[in-house]
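Please find one structure pasted underneath; my questions will follow.
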Amino acid sequence: MMFDKIHEECGVFGIFDDSGINAAESAYYALYALQHRGQESCGIAVNDSGTIRIAGDSGLVSEVFTEDAIKNLAAGCASIGHVRYGVFSTAAKEELQPLLVTHVKGKFALCNNGSLSNYKELREQLELNGFIFHTESDAELISGMLIHEMLESSCLEDALLRIMAKMEGAYSLLIMTDDRLIAVRDPWGFRPLCIGRTSGGYAFASESCALDSIHADFLRDVAPGEIVTAGKTGISSITAFCDLKQTALCIFEYIYFSRPDSVVDGVSVHHTRHKAGQFLAEDYPTEADVVIGVPDSGIDAAIGYSAASGIPYGLGFVKNKYIGRTFIQPNLADREDKVRIKLNPMKNVVKGKRVVLVDDSIVRGTTCGRIVRLLRQAGAAEVHLRVSSPPFLHPCYFGTDIDSEEKLIAHKHSKEEIGKLLDADSIEFLRADRLEDMAKGCRLGFCTGCFTGKYPCYIPK
Amino acid sequence: MMFDKIHEECGVFGIFDDSGINAAESAYYALYALQHRGQESCGIAVNDSGTIRIAGDSGLVSEVFTEDAIKNLAAGCASIGHVRYGVFSTAAKEELQPLLVTHVKGKFALCNNGSLSNYKELREQLELNGFIFHTESDAELISGMLIHEMLESSCLEDALLRIMAKMEGAYSLLIMTDDRLIAVRDPWGFRPLCIGRTSGGYAFASESCALDSIHADFLRDVAPGEIVTAGKTGISSITAFCDLKQTALCIFEYIYFSRPDSVVDGVSVHHTRHKAGQFLAEDYPTEADVVIGVPDSGIDAAIGYSAASGIPYGLGFVKNKYIGRTFIQPNLADREDKVRIKLNPMKNVVKGKRVVLVDDSIVRGTTCGRIVRLLRQAGAAEVHLRVSSPPFLHPCYFGTDIDSEEKLIAHKHSKEEIGKLLDADSIEFLRADRLEDMAKGCRLGFCTGCFTGKYPCYIPK
Amino acid sequence: MMFDKIHEECGVFGIFDDSGINAAESAYYALYALQHRGQESCGIAVNDSGTIRIAGDSGLVSEVFTEDAIKNLAAGCASIGHVRYGVFSTAAKEELQPLLVTHVKGKFALCNNGSLSNYKELREQLELNGFIFHTESDAELISGMLIHEMLESSCLEDALLRIMAKMEGAYSLLIMTDDRLIAVRDPWGFRPLCIGRTSGGYAFASESCALDSIHADFLRDVAPGEIVTAGKTGISSITAFCDLKQTALCIFEYIYFSRPDSVVDGVSVHHTRHKAGQFLAEDYPTEADVVIGVPDSGIDAAIGYSAASGIPYGLGFVKNKYIGRTFIQPNLADREDKVRIKLNPMKNVVKGKRVVLVDDSIVRGTTCGRIVRLLRQAGAAEVHLRVSSPPFLHPCYFGTDIDSEEKLIAHKHSKEEIGKLLDADSIEFLRADRLEDMAKGCRLGFCTGCFTGKYPCYIPK
Amino acid sequence: MMFDKIHEECGVFGIFDDSGINAAESAYYALYALQHRGQESCGIAVNDSGTIRIAGDSGLVSEVFTEDAIKNLAAGCASIGHVRYGVFSTAAKEELQPLLVTHVKGKFALCNNGSLSNYKELREQLELNGFIFHTESDAELISGMLIHEMLESSCLEDALLRIMAKMEGAYSLLIMTDDRLIAVRDPWGFRPLCIGRTSGGYAFASESCALDSIHADFLRDVAPGEIVTAGKTGISSITAFCDLKQTALCIFEYIYFSRPDSVVDGVSVHHTRHKAGQFLAEDYPTEADVVIGVPDSGIDAAIGYSAASGIPYGLGFVKNKYIGRTFIQPNLADREDKVRIKLNPMKNVVKGKRVVLVDDSIVRGTTCGRIVRLLRQAGAAEVHLRVSSPPFLHPCYFGTDIDSEEKLIAHKHSKEEIGKLLDADSIEFLRADRLEDMAKGCRLGFCTGCFTGKYPCYIPK
């Protein structure tokens, strides 16, 4: 990947609607809308009158699911689907989800968004019972635990309650059996999961933009610790643990992961970013001629900054949209080229100007520094960097790819040092105490472990 | 294609630099920057110490040219490359450019951007001399004419002058021989073509953004009717016909075809679009709460409109960027879905608002109407459509895909009817007399045939 | 498949030799030699200094293993490999072998030739312990049973002895750990498995022709019920059960499955077929002008028939060797075409002649009948069909694809009826009492269940 | 290629039958039967009610023409097809045939088997008329010449007569226009070409085995110098030049190129090979125990040798039939492996025996020497090599790949030296004066240039 950003693991979608829909097609459009949550691989499982068919591969949704592939899955009354960014370096194909489980105690397909922080301990326990793992995915671990509990449980929901008592960390699960669809969100509510109403049933998705794409009406979010079951008789719900734990939605869902047009746990994602831009303008007033955003994730906050400061908003870059994973890295002389190939600064907009450059976050800082230098080469008189999140200081254990503080520029350097390293005339970050206000109206508390080092549940040693 | 836009045929690039560059790699990055001018196929020819190697296929630059493909072409001191949108319905592979000509009178590679309006007449003449055509491309016709003239010419440039006297219409040609690179622009200057200086030689490109991508400095545009030769001894130039004809740069290069960060014949493309937005605001003042642009081509003018009117600029849509040619068309109920899958309106931004929607042009009008309706469904109180070009009334014969007026909504309907058809509360087009001012500073006259029906040269009956 | 033959499930190969060989390459050549035992998919696992790498896909050995694929596997000191014909209709990819097992109790790769007749019972037992199956392969079942036993076993060999006590049916297993290679043959000896000595170690293969292909010297066959371990200190062996059971080598290994140049359990395969031809000539003398064989499996017996009878041997057919799985079935008028496309009779050889046609076996009889008719159309005066095995009357449960008697022509019709159905002037089968003499010198008894209906172990109801 | 054989360039097929056939499918089966004449690429052109569609690619017929590919070609009333071995090292795709010519003077598809010996002179002539060549194929040259003549000819047949007067060398041409199919054989008759009658029309093919594959009845061969036209009104014929030249059928069509089941110019190919074996037995009597043939091309002659000598015929080798062009060359120690991987000697058949080994021809001798050594390693007591053609001494200019005498072992060594080099106990070649008798009944004279150095027409300097 060219741009150094934090990456989310996955996105999930499911639908149960026996009014004659094409559940394979619904999953296709919904996953296409969730593609930003994972571009490495994707999969769909369809319930076709009790027979579960599954298809998937590494690649984008539009590459993997040709018209024939969708037809082969059959229409069906229910489906679940998954897009995936690969946190671990294992082969994408083996880690494909949904996972299909065929067992004397029942058949189901399962997919998951999140990461268990006590994976290692739970896996060893299962292996010592004779279980053989084929992958290193949480989805397989959860399937194995479920089957073990089902040997002595009355139903799947019952087994789920038992394993939820053991699992630490983030999971937003969808499980499809031959007669229903079950959605589960971990008791902390790390990852988003919402419910929509379709013409004849219900849909679940990581983000509401997926509901929009299939014309489903947003109903509500799945609550932390809630098990929601959709079937022929409608939906029912069991909630557990929610009084025992403090909720901890990942704040980066607002800052970077989710799509601006999604509404997560009651708040518009675009709105939070717009507000983060406003706060930056209010907290750190700057004399400048133009405000520009780093495409695409800095644009919302840049417009907010412009609105609050009165400094005109401008198009700072043209981003080459013909991205493909096959794109060859340039061998040209200087390293700015790696960015320049994708992002060409608009000389006419920045030449001789004092520029406010808004970015959503700084991880390693490499890309951001190159972007600042591109602006200078294009003739910018001053570059004032404004970051719409606090400094990123600590690793994450709940489904992103920042597993060590060594990779974080803010862990090793002060604000002033970062500004110098990135060649900016000034640099400011969103104040941590602004986060709550930024997402005002959100029904959950936040996990801010990456800013504070305080995590809401067990973390591995 | 999902969005009904006018389409340009091609983009070209060439480089001659014997200071040790990798000419295959340069062509790769330059074509990647020109990808917006043609996504159907692409090709590169490299001069490796006198041996011309050629490679290409249907597909995007980043798909066709893998690292191995670039290596197989060899580094070389010169190259030419081509991206292509298919105007004709023939097989993409047969029409691949550059074209390699191996003949007892010499070997050269050739590629072209444009369309000859007297193709049919010229082809028949050649066939009656015993020539067999393998394709319907202008490039093959021009190659055949060149070879015929070369049988009695002292040099390639001489033969070029002779055939330029016969050819009517648009062509921006690049010809690479074993010892030099020749660039030719038709006497009307229909299509852009510019010259850049590299560390040890010269480069030619349809647009200056391609020069940026390889760190070449913009030198000047190739003049209408000019033949520029780059070789070991530098560049030389012959200009002919330019006093005989009136220049006629395609105005759509500013309105839609070229990339905003390119400078065409002396004028910034972004700047012309920004100004078109300003003019719309000045000529047709509107009471509204927010200005939004249709991504991506309406964004520049929307920002201009906002700046001139004082109405705040907003993000109206999220555009799904995971586009692929394999994307399946939805079978869902209403036709708005075909647009909605790619473009989700931001409810928070438009709900209850009076919206100014800026689009760059209207061809059939189908997409635009759907976009207006999406805004209404998202809760927009009013939608005022502003189009940053005059009504499109007549076909084009010079390298675009609008070959019949039957396809044009403005040919059949009045402005008021169009507004009603597209469900807009009001609609206004850029005034035709604003075009010249919009591109103020351009050194050439314009072809405005599509607006006026007056064409600067021969057109087929 | 075009020709109706009985199909064998698989072939296996393994090598352990730490004298600096390339174990991936050895497996490649050996599997290429075993390709006739399975053309649907193939796989290789290599032990590269304790790391086990695995590769495979559906397709032929020469298609799946490109030069890069072999290099990626790394050289290694040990490998096992597998070719597969798909008995079950599940997706080929999921059933790929070798299977890699990564478990807290150890890591190993495993592959198998054979079929367990009590699969269903053993699987259910394991599922009720919480095991989840991903495939329907015996290999996965055996892996799961092994892991369960290993939780309380001192070593893999010990666990193997325990599970061998439970498994009924055919299995020739190869198991590769980080430090050794284990070969196991079921107590009945259904499928062949032999040992070769390489320059610095040992190899195991389903047939001796695979040893020839890598220059290994044939050492001996693995005995029924034997566990042979090859490691750095040489080979060692445990034999169990062999006194409890009667040995039962599949007689079809001689009749059809094995390659003519292999020596199975002490007897040359070509030799047995040649003798079967001789016996047919002796037992059923016929007046004829020429003896021809159905390519390729009837050729050996035809030459034997010619030698014993004195009737000249002739080339009866040209077989098109450009076979590919992509070959399209013809839609032409009569059904003989399906055979004719691959097999063109030599008119000059058979026209006006009394022909003895030798085939190795008759299953459905469809192909054989078409071949007889092709000979008649080519002008044969008489066609006398001689089959070098007894009538095929009962299904097989030990690794072939004849799972029902419904598919067998001999189950429903008398010899005379078959002759008529196949349009032969006369038909004779090898006498069942000739089988033992045919394979004289073989150290094992035979399973002749398909001829007699008497099976040597448990069969499913 | 592993085995050093002389290679033929191509095979052609055409059909005209307006009784409702599927001409694409007919071409498919016929080319499949002609696959032995060229495995590098293949192509089919179909006349679908006057529209000519064309398809093809590098690869085998069964790989290139999937069911969809055949359907896309449409049924049609006429087709021509081509299989190709690549004599020149140019890219296979550019040299694909049939070639489609679209010209103001008419549209036709053309394919060819053969090689013009005055190609260079004819090409230069055309280039100096302004023609541009895209390939180095005879087919393109012939097309260009045809078009030049058609500018002043009354019809295609007339133009053909004119160019036949200029062309030297081998050509068996098929030309398909919108209303007829024309077959042309060069005046010497170098390459075979025969006519078949179908249910409602006529077919042409390089060999009669292709007629068998589509149920066409063999009618007669096209005569040297004959132009045969098949159309709605039946067939007509013009014959020219046949009295001016001596006919010169390539003798290697009998020895090696053609399929044994074909009848070429009146004689069965199998029969000629069988007779060559007989002659070897009669001319060079040998004491031996078994006669074996090198698969597949030495088998026919070996059976003939056995019949004439009374020495029993045996299966000497098992040939691995899973051939694919992707097969990796072994890196194993000794070079015999390159042959052994494909050809395993039958130890039981040759051990301790005096063996007569029959091969059809010796070019470089490399493979043959390895085969002899494999037999010795397998225990053969003596190996007597018998070659069913005379020593190969001179290059060929008429469509095979032996373009220099440097590659020929017999050019540099005496018979005795060759025997020693190949490690044979004795070696004998077919006597040159036996050739005529071998193909007794053939209506044409022979080109024996490769044995005698005397060529029947112009050869390049």
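In order of appearance the chains are A, B, C and D, and numbering begins at 1 in each one.
The definition used in the following text is that a residue touches a chain if its C-beta (ideal position, glycine included) is under 8 Å from a C-beta of that chain, and two chains touch if they have at least 3 such contacts.
Everything numeric in this text was worked out from a predicted model, so none of it was measured.
If you average the Cα atoms per chain, which one ends up farthest from chain B?
If we average the C-alpha coordinates per chain, C ends up farthest from chain B.
Report the inter-centroid distance (CA atoms only) between chain B and chain D in whole Å.
Averaging C-alpha atoms per chain gives centres 51 Å apart.
Starting from the mean Cα coordinates of chain B and chain C, work out the distance between those two points in Å.
Each chain reduced to its C-alpha mean, chain B and chain C end up 63 Å apart.
Can you tell me which residues of chain B touch two or more of the remaining chains?
In chain B, no residue touches two or more other chains.
Every pair of chains that touch: which are they?
A-B, A-C, B-D, C-D
In the complex, go through chain B and note every residue touching chain D.
Listed in rising order, the residues are 101-105, 124, 127-134, 143-144, 147-148, 151.
Spell out the part of chain C that touches chain D in their complex, as residue ranges.
Against chain D, the touching part of chain C is residues 22, 25, 28-29, 32-33, 35-36, 39, 60-63, 65-67, 70, 209, 212-215, 259-261, 268, 270-271, 296, 299-300, 303, 306-307, 312-315, 318, 320-324, 326-328, 330-333, 337, 340-341, 344-349.
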